[in-house]
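Both complexes shown next keep chain A, but they swap its partner, so chain B is in the first and chain C is in the second.
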Partner chain A sequence: MVYIKILFQYILVFFVILIINFALPRIAPGDPAIYLVGDDIQYMSEEERLQVLKEFKLDLPVMQQFKNYITGIFKKDLGVSIIYGRPVWDILRDRLPWTFLIMGVAMLFSASIGIILGVIGAWKRGGRRDIGSLVIVMTLGSVPPFWVAMLLITLFSAKLHWFPSFGAYAIGAIPGTFAYFVSVLQRIILPVLTLTLVKTGAMFLTARSSMVIAMEEDYVMLAHAKGLKEKTVIFRHALRNAVLPIYTNIMMGLGAMVGGAAIIETVFSYPGLGNTIYESVTARDYSLLQGSFLVVSISILFFNFIADLGYPLLDPRVRKQTVGR
Partner chain B sequence: MKILNLNKSEHRFRLVGILLVSFFLVTSVFAPVIAPYDPYERVGTPFERPCLEHILGCNDVGHDLFSELIYGGRVSLFIGLFASFYSTLVSSLLALAAGYYGGRTDRLIMRTVDVVMSLPFLPLVIVLGVFLGPGISTQIIVITTVMWAHPCRELRSQVMKIRESGYIDAARSMGERSIVTVFRHVLPELMPLIVPQFVRVVQQAIMIESSLSFLGLGDPVLKSWGSILFFANTRAAFLTGAWVNWVLPPGLCIAMTVLGFSFIGFSLGGRIGLSYYPFGSFILKRKKTSNDAPADDVRLSVNELVTVYNPVLNQCVAVNDVCFDVKKGEMLGLVGESGCGKSTIAMSVLGMLRYPAEISQGVIILDGKDLLSFSRQNFAKIRGRRIAYIPQNAMNALNPVVSIKKQLIEAVLTHQTISRAAAVERVREVLEMVEIPEDRINAFNHELSGGMKQRVVIAMALVNNPDFLIADEPTTGLDVLVQQEIVRLLVRLKQQLGLSILFITHDLPLVMTYSDKMAVMYQGEIVDSGSVDEVYYNSTHVHTKALFSSFPCLFEQKRWKRDAFLQEGQASLVLENVTKSFYSKRGLFAKGLKPVYAVKDVSLSVMPGEVVGLIGGSGSGKSTIARLVMGLETQDEGKIFINGLELAGKSRRMKQEILRDIHLVFQDPYQSMRSHMKIFDIVAEPLRIHGTRGRAEIDARVRNALREVSLPCDDGFLLRHPSELSGGQRQRLSFARAIVINPKFIIADEPTSMLDVSLRSGLLELMEKLRSDHGVGFVFITHDLALARHFCDRLLVLNDGSIIEQGESDDVVFSPVENYTKRLISAVEEPDLMKSSRALSV
Partner chain C sequence: MKRIICITAAIVLLLVPAFVFAGGKQEAPKAAGEKGPQTAEELTIGIYNDAGNVTIWGGGAYSPWVLDSVCERLTGPSPSGEELEMVLAEYVKPVTDDNTVWEIKLKAGVKWHDGTPLTSEDVKFTINYNREGPSNNRYSHHTSAVPRLPGEGITIIDELTLRVTGAFPMPYFDREPCAELPIVQKAQWENIEDPRQFVGKSIGTGPYMLIDYKVGEYYKLEANPDYHMGKPLVGRLTLVVIKDLSTMFTALRSGEIDGAARTMPVELVADWKGDPNLNIVQVPYMWGACVTLDNKNLPFGDLKTRKALSLCIDRDELLEIVALGQGLSGTLGYPHPEAFHASPDSFQAYDPAAGKKMFDELGYIDVDGDGFRENPDGTKLDWRIIAETSQPLYVRAGEILVDQLENVNIRAHVEAMEKASFSETLYKKGNYNMSVGEFVPHGLCDDDMMMVLQYGEKKTDLMPYAERDQALLDWKAAGDKEGRLEASYKLQALINKYPKRVMLWYPHGFFAYNKNAYDNYSIVRGYNIFNKYSFIPNDARDGFVLEDYPQTGFDNM
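Moving on to the complex of A and B:
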């Protein structure tokens, strides 16, 4: 029952995303052909232009186009990229794992560091260490991520030559070998470090403020009255309840990072989804742009969906109510 | 209120934030004055190193980097501020619409928010930016488009909270137009929440702007901090030595500006929270007091206890020189009004006071051991084992995400080293003792009714077989019938287990009926104590005497006896077969759900000047009737006539006209008026709604109304805020607001239940005065049968939404017909000795 409702909502949102994705190039000002062949349009004759439109079935009625578009998506047909000359779907399939890799690792770090610091901060709040970590974390959170990335490259790549600042693996390394693994590891350190530095702040603040709220609840006071140790109360009662907003934040962060990593990937020339978006923008490769946008949207939707499925596990109040009122 | 108080860390954050932001604002505004060169002019050689003429050197085409930096702030701040202004505007308006009007509007807006929020943020900005073409206005539009959704969701939930407030209901029940209510009442309350949202959006907008510019998607002509970095990046400046002067400064500028805004936002959000002090962190500055060992049969002895709260300067004595003993198997009732220090005593005994509390004197001895000599750790070992605690407000006392079984087992295993199975066995035993059905053992807090929650909390207190139990208002907020069950359960357990109980309450009859000894507390001191008889007959203190006389006994002579009522003329209020149901959950598939009837087929009529009492337990539909009459809800079936006119189907103007004759006074005097309004405006509101415009007339009538309810009416008082008034004064103020338009009758929804006992009769006197002076009729809604019988001419007893019995007050009370009425009457705690003594005095 609860799940059906959630599923229904997601299907709705998915549909809206499809419509937006379909509509964007069509409602944009100017010639739709420009979105297909890029700036080369100016060298084309009128006939050639119409030919292009026909080729991409853009001369059909809008509803027919939309139908084609939808069926295309379910056939994994997102068009052909101009810069790569390959199907958009293949390109995205190659790149998505890299984004998930740096994103997942960075999330793991920032969430664990943020939560630990946040819980301690809330517990010892008002203390010198709490204020100190607040200031540090908020400062890091205010720094533009791409700038951090640039500085890290300056320091670790240009000056110290510790880590390469380009690509996801060494050129020529064979997947599966140890050398390949090391080269991958070397190249994710800086992006992950950047993301962790920048993203920990939000995690910390969420964890801290939800702990502050939870620690003032009546049940925490009763837990003390039971004679539990301070630590037990904090972790088993306060944190157990503060987990809910923290969890929401992590899941939303995961979704946002798929898109948010765009700039970081660009700076590190990392072959992920975000970089693909950037490339397609600079090269005016509209089918690639449309496709990446769609994939990013769907990943966000996917993480939100997972988050929603997880709620009933964490919070009995959301579970299907079978007993009582 | 001081805006900046540097002793608070919030305010220090705010100061730093304001300084940072204003620094960048000022430099941007005065950029032409400060910048040494025009940033768009070639003034140096490309890639020039920093020197005296060019502090930060030059970029690849010879533009002065320092000037670029100063001008760059203009673009970044301009876009940041405008984009956030627009998105805050959009989100506030939509949040107001969604939250206030609800229903379809709400669903439409919230679904849109869902969609926008599940769109990828940055890619969307990029994609929109590409399709709309670069430029400063595109950036503002794009940032607005993606940024409004999140604040809108947060603000909407706040609007919904505000909408539930009493003062919104009050405004609506006075016939205020909804649009006026939104802007007069909702928006001012929302404003403090809009500001931090705005600040938060600014910081994100600046970040997005710089990201966009950094990707080369900004306005290609303008120079912002982001685009300086874009050029630095494309010229690979960070791989050369130029990173110090080219890459570092713009990034620092962005970081510092954003940090400034986030400091401000953080401090406004009030998220720092007061410093946390663990339970038991009180200071012990104990003066030596008498060392007499208490007698053997005394379980707990508290001697000359003084507890003070000591916020740096104004020290406040909460408990002053309190002495009492509780013998084994004895129940001591501690009675007092709110704020008299009852709970502080409980916390002192439990060792759960928190800094800045301080015990400056006294001894607390439990079974011969001086508790105050215990360390915090050792105290925790006793707490829950030897002394158990039943807290006020059991509604939230259980952890909502852990099953009651686990919480109970935890309590056992903390103090006893037994196997888990044995612990489960013990838990079952104790749950049986408090009469919780076996199959509810795995239930969660939200699956239990109020009375059951209270039982579980009691079970938790008893699970380790304590000797001493502190019950702090264990029945407050429970239904009358449930209250009786719980207290009887406690008494039974006391006898069964030989418990000693400290029973803390404001409910005098309860204490007199059930406890062995009682103590009356007033302003931190115990003013009378002893056995119930002793206190009753030999009370010395004025307050105790006032307490005893403040509430009428159910069966004594009727206090307010009015002349026989002439039942003629047109009825002021008529309800004909009114039914109202709520659906427990409204959703996609919820249509088939069974409705819950709040009011079922209710008919009643009230004559002018009559006082009618609506009696019933919680959830019996009393308040729903009031809300239906006032047009706050719409009935499903049936008709409601006010002075012969029906409210339903009338235009707003007509409704206003009809509602003029009737006024609703709410239960909670703290909620029903907005704390930020001046007293004058509060009382003048009904006049204003009903079209009185002349300043002099309003002024005169407001003062008159205040005089009627015995509140001051000087200019100074009129300009004060209700937050400066006490609960009793606030409730008088709500009556002033009621009578200022001379209504024909007033619906008073539990007007006394939030007030201390000693204030209740004063308020009823006031109501009686209004009745006799102005001929105002009353519909008096209450759960307090005794009060209702004395005050009302006629009583209507409600149960599960239907009127089950009605008649003259005395007839209903003395010769009830229905079972439920009988149960209600028997649940009224009537201390025997009071009954007899009052009977004597009659």
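Moving on to the complex of A and C:
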């Protein structure tokens, strides 16, 4: 019953998001007709402007556009992109896998490194290792991502010629071949490294602070008093209780993962969704924006839902509360 | 645990050298003065934005040369060059003294990429489709406005010949639209109702055929072996979209791409000019930086206020500080000083003392003694200058303008805004006083486009400008080339007297390529070195390309 209630809440939120996704691009300043006809827009009559918008069904009354948008979602018809003149769904389908790839791998690395460093930091709190990690991770986390990206490109592409500086794969390579696979690997290293460097900070701080709080709890003192090994105290008692905020952080990261990293993808000319969102915002490409936001929203909702389902499994206290309701 | 560490270390040790050796590599540099390869099997060139579906509805905005490589024009290389040569046409000549009727004869034997012959029906269809087709595009106004080519005025004489009658004299018809409008295949386009949503491969007559396009990523063009001007010297062109400027030039230097089809920042030119692998070429760039004034509202709806402002802007200072001295001063006025129709007397003066006096006379006086002038009605004055956030040079120019205006006791401020908001403010909202931005070659170097802009301006002017309106009529009535040029000069003088666009500077263009990959590029006015003529046989380039363009920009680096 509780889960049905949660599911219902998510469905409600989803419809609110749909409305926001539709309204937001239209509320923002800008006009897709300007992208389509450029400077000439200033000399065009309203009829001429509507004629241009008609090709993308943007001349229709707003409510009709909203109806088309909602019904289109269920028919897998997200409209046609103004920038590319192609179905939005086709564009998103091409770009999502690349975003999943770099964001997923970066998430894996940043979460693993962040948690390990955070746990060690909390364990050796105030020590040289803790302070060192804190300074390094915080410094990297506060540096603009594009700057890190440019440094890595300059070093590894321009100076050392180790890795390519742009794209997701070698254009001539045939998908499915070993050469293609290697070209993909070569091209994910720099974006993933950049993302890992700038994203590890958040995970480190969450893990460290959760662990610090857990380490000060009475049950940890009791475990110590019982003469348990340090590792057992850390991993079986403290970390297990500190895992909820870390889990939440990971789930939120996974949800936001689909949104990509617009700046990083732009710097590396990586054909992901972040790059697409950036392009569609610039051109006020309503259909592409709606489609991109829709995918991002679904992803965030999905992982939040999974997170909600996971809490009771991770924490018996939540389980009891859930059962008690 | 130890086993996992060992396996991981082994994988890393195996993979790192593989990546290292598989990474981009540079060929041995050529000795100074030694020419690189004159032909190439394949070149990879970076372009800074997607050119859409390489059609007249999507390919013109960012990379017109990509479109020109696939769909050609009747004459070339561009409407702004000194001389024109025939591309698809055997001749384009007037048949009436007033240049109202022109005859076009197409070259015999020119074939579309699908093997069918190019005919006069295709040309007729192209003009009509642009003028009255399903949607306006970047070329429409050169069939519907200036020049205006009514459908009933187009007569097919035979398979290769047609006559086109303009609604008014068009002494430069061979330039505009002939050197501007890409000819499309009737058979491919006549049933397409939504040209902007066309996702097929455009069929053209050009030296390259589009064989693959990945949205936002790349284009693959393959040489057309039957090209009517000779088989191209480069077999395949891969055009990769790299939006970030730094990434594109880093990729060029690391050898990942063979050319960068975007102008190099001047600072980079100074740093890289000694690179043994690269050739950097100065080209007639034909772009300009300008301040556009809001002529729809006061204060700049008033002609005298425009003139007063123009007198107070020190273009030379802007050129030195913002463009690092690499270009021509905006005092040379509109149009671009190297445009074919530029009057030798074009000038936008800098005379702050005269500007101050004019502002005094117009009633902009410091009433409250705070050191800044107030509006004529006594209200506070603070002009709003807008610029795009993605254009830091123009934001910087805006800041310098604020200082220059302060010197004549006028308060102004700069607001940087993202692209779509900037465009909306500029074209729809109009709640700005000035904007700093660029003026593209099409608007700066094309006599007919100057008229399109002036007609547009006339529609939106706050106050009448009778002298200019008469000059427009004189221009339209001029029936021969000399008369048209004279009328154009007269119009330019008026445009520069009360400018809506205050020209700031005309930057030099610098383009770079890897000379070890291909070293046979040619310069085309307005189309730099990345143009189709750089890839066709050298003897076919005669007349289209600039044989010797002075490389003066390197002297003071």
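FYI, the second predicted complex is superposed on the first by the 272 of 325 C-alpha atoms of A that agree within 3 Å, B and C clash if a C-alpha of one lies under 4 Å from a C-alpha of the other, contacts with A are read in each partner's own complex, and residues count from 1 in each chain.
Everything that follows uses one rule, which is that a residue touches a chain if its C-beta (ideal position, glycine included) is under 8 Å from a C-beta of that chain, and two chains touch if they have at least 3 such contacts.
Quick caveat: nothing in here was measured; it's all calculated off a predicted structure.
**Q** Please indicate which partner A:Thr266 is in contact with in the superposed arrangement: first for chain B, second for chain C, both, or neither.
**A** Both partners.
**Q** Touching A:Phe163, do we find chain B (first), chain C (second), both, or neither?
**A** second
**Q** Given the touch rule stated above, what does A:Thr154 touch, chain B (first), chain C (second), both, or neither?
**A** both
**Q** May I ask you to decide whether A:Lys199 touches chain B, chain C, both, or neither, giving the answer as first, second, both or neither?
**A** Neither partner.
**Q** One more residue to check, A:Thr282. First (chain B), second (chain C), both or neither?
**A** After superposing on A, A:Thr282 lies in contact with both chain B and chain C.
**Q** Looking at the overlay, does A:Arg187 come into contact with chain B only (first), chain C only (second), both, or neither?
**A** neither
**Q** Where does A:Ile91 make contact in the superposed view: on chain B (first), on chain C (second), on both, or on neither?
**A** The answer is second: A:Ile91 touches chain C but not chain B.
**Q** Please tell me which partner, chain B or chain C, touches more residues of chain A.
**A** B
**Q** Quick check on the superposed pair: does A:Pro144 touch chain B, chain C, both, or neither? Answer first, second, both or neither.
**A** first
**Q** With the touch criterion stated at the top, can you tell me which chain A residues are shared between the chain B interface and the chain C interface?
**A** 28-29, 150, 153-154, 158, 266-267, 281-282, 284
**Q** For chain A, which residues count as touching chain B in their complex?
**A** My answer: residues 1, 4-5, 8-9, 12-13, 16-17, 20, 24-25, 27-29, 122-127, 131, 134, 138-139, 141-148, 150-151, 153-154, 158, 205, 208-209, 212, 215, 217-219, 221-230, 232, 236-237, 240-241, 244, 255-256, 258-260, 262-263, 266-267, 274, 277-278, 281-282, 284, 289, 292-293, 296-297, 300-301, 304, 314-317, 321, 323-325.
**Q** What does chain A use to touch chain C in their complex?
**A** On the chain A side, the touching residues are 28-31, 34-44, 48, 51-52, 55-56, 80, 83-86, 91, 94, 150, 153-154, 157-158, 160-167, 171-172, 182, 185-186, 189, 266-269, 271, 275-276, 279, 281-284.
**Q** Using the touch rule from the top, collect the residues of chain B that touch chain A in their complex.
**A** 9, 111, 114-115, 118-124, 126-128, 130-133, 203, 207, 210-211, 214-217, 226, 229, 232-233, 238-239, 243, 247-248, 250-251, 254-256, 258-259, 262-263, 266, 271-276, 278-280, 350, 352, 380-385, 388-389, 391, 393, 395-403, 410-411, 414-415, 439-440, 443-444, 446-449, 457, 460, 587-589
**Q** Spell out the residues on chain C that touch chain A in their complex, using ranges where they run on.
**A** 15, 18-20, 22-26, 44, 50, 52-53, 57-58, 61, 134-136, 138, 141, 194, 196-199, 214-218, 220, 238, 240-244, 246-248, 250-251, 253-256, 418-421, 423-429, 443, 455-456, 459-460
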